[in-house]
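There are structures below to look over.
You will see two complexes here that share chain A, one where it goes with chain B and one where it goes with chain C.
Moving on to the complex of A and B:
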């Protein structure tokens, strides 16, 4: 699995991701989930897969190649 | 234009109901409608289309422009015709009201309440144990625990607590059979909060008070304070949502465990399984079996036309037993891993108190199982649903 992220437009703050995989997800001051920086590649871990399957809003997504941060491209073009 | 007969209203489920005694056998009803008629029409409560499949409920909740909450998602009403804030408010006004209390209900904030919750649950569980061999644990634990915990969080003075159960019973549980009783209690509840807000205003801001009422009184929406009417509506909703649902959730979990000794013993020996079991009880025995919407623009679900202005009921309890989503959906498996249930709803109206409700449910089970070495049902006539008596035989 590629890099994962929490889609802020979908997340409604159920906090299931944080309950099931606190090593990968954190919760902001309004209760919305996000991936802890540096943990974007943990999508294959058991707890993270559980979190993905149990997210009521289906908000934990995998970045598709064209959406991926432009880091590599920048390196390639600079 | 299609006639009612063409739209299949005639051969629908005119008696479909999701309140009171209808809940006794509702899981059989869900199985039937999921298999034969996942969208159908009932003549109850002024008429509504029910939507039973998980995916259709999810899609409706994600689309508030087509499925609005106004005039109310509560059907029939909770003893008032005032729209309740924030659940009966549609975008764009909705999010400003909801945002006020979001920070109070984050898991981190709820964690701070946990030591107090544990102490309360432990005391109540010990009182159950010392009350004799046959005890109503609804009255002794499932109802008082959320009353104590939510009242402290919200700021309801302790001397007022004894009257709360009657308001809940009349507004929530008598509204279908005796709406006038629900409305009379609704007026009492509204007057109660009017007095409480008067007192709080007179006392002035108190830095030591960090309760929900304080948050609401100091909150601003679009650069202005909430009006008294808005404060009353918000308080009214919080009271009903914070006390009743959690009591039902705790009671239904204990109801199940009292009838299933193996599961009871498993959770007693493995308390780390309790949070997962709580999710399964929420999926299968949830206090919120359904919530209403109103169609804003004509749409089609499962081939069924729904017209603007028609009422729709999203039957979470049926969606939670949808065989397309859950293996053996009618089996309660306390170790179920895939459990993306609809008990707290979804989309912009996701239950604001879901993290609190879950914590109370888990802690109630933990402390009860720890304190009480064995319990079983003493009265098999008591239903799985509601907050009525749950009489248990308590033993060693």
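Moving on to the complex of A and C:
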């Protein structure tokens, strides 16, 4: 699994990611999700996959290892 | 082990089928998928069509979640030779496979005697037509149907500055989504946004004079530039009329998604997933969902079934959501219509609330309004504090 991140422009705050993979995601007061710093590459892969599938905004993205890092999409990770 | 089929034909390039393919590939499926869809814009997600899409100017968002390796044949399925697992197409002939998965979803119900020009919303093309009408200067709309899609449309069009009137036979907005709960609250949201409601009344007629529409309800004439019908969806099964499958209300299937024939037998290697499927529960009853999340789960569960292992996908509690009038509304579980509704959290300055519905001892259902954090904790069975 590559590096996981939340596209802040897409995330609408369903908090599904946190409900399904709490060891990888956290959410702010409004419910917007982000990857817990340091957990971008770790965590229970099955749960992370479940979170990716269930995010209604398809805001959880995976950067494959060979892809260029961080475009301006990553606004959610403060 | 079921012995995974090696050539699978899928009718419908949808959320359910995308998940079937993606999960199968994850699980090492080495066969071939052949996907057919009649919508030239497919695949795309429908939920944004009544929400962000109508507020923006961009195209319908490209489905970056569709498995890249699988191409989609643009054709309409017009029949199924069930015993041969052969899908008949309107053009490009027919497709024979080891297994056929039906993921044709649902289509808008049209009103009886509905005149041409009444809009509705299920496809990208429908959404483009509504947006074009608003862009062209429509100032008012009558929306027939106050279900989730009708209510979301009311919210979005009011936000775009239209005078919006919502009409429904039901006494409450989103009566089905909320199982009869929160009717007063939802009506109040609409009124606060300036939306006029006519609830508990039938549409008597719809007529058009040049560009002006008149919708008659309870003897009153409602005038508008646009009329949108949002009275619900019915499963896309017309093309299966001669298939021998049981299509009473959607395709009846067992818990794995194996389709039943009208004579009660299971059809060999014919499956249905998503909105088009009606699933049998342990007590023998059938139920059909219209839910993005449930469609995904059907796809993932079938992939796991093909791979030969016990899937837990469909054991998860239902999850539904709608976004309207500045509110993100989430539902966890099945709301019992008779269940007691208790507000367990509220923050009025943010229009936020969390409601528990049903027995408090065992697995209650939850409704969250602008309260994703509390909602998620509650649905995980955690305490609401912290």
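Methods note: the second predicted complex is superposed on the first by the 61 of 78 C-alpha atoms of A that agree within 3 Å, B and C clash if a C-alpha of one lies under 4 Å from a C-alpha of the other, contacts with A are read in each partner's own complex, and residues count from 1 in each chain.
Everything that follows uses one rule, which is that contacts are C-beta pairs under 8 Å (C-beta built on N, C-alpha and C of every residue); 3 or more make two chains touch, one makes a residue touch a chain.
What you see is a predicted model; the values in this text were computed from it and never measured.
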Chain B versus chain C as contact partner of A:62, first or second or both or neither: neither
Which of chain B and chain C A:3 touches, first, second, both or neither: neither
Contacts of A:30 with chain B and chain C, given as first, second, both or neither: both
Touched partner set for A:40, first chain B, second chain C, both or neither: neither
Chain B and chain C footprints on chain A, overlapping residues: 12-15, 18-19, 27, 29-31, 53-54, 56, 58
Residues of chain A that touch chain B when the two form their complex: 12-15, 18-19, 27, 29-31, 50, 53-58
Residues of chain B touching chain A in the complex: 99, 102-103, 105-108, 275, 337-342, 344, 346-348, 350, 354-355
Residues on chain A engaged by chain C in the complex (per definition of touch): 12-16, 18-19, 22, 27, 29-31, 49, 53-54, 56, 58
Residues of chain C defined as touching chain A within the complex: 19, 22-23, 26, 45, 47, 64-65, 292-293, 296, 300, 319, 321, 323, 328, 330, 371-373, 375-376, 379-380
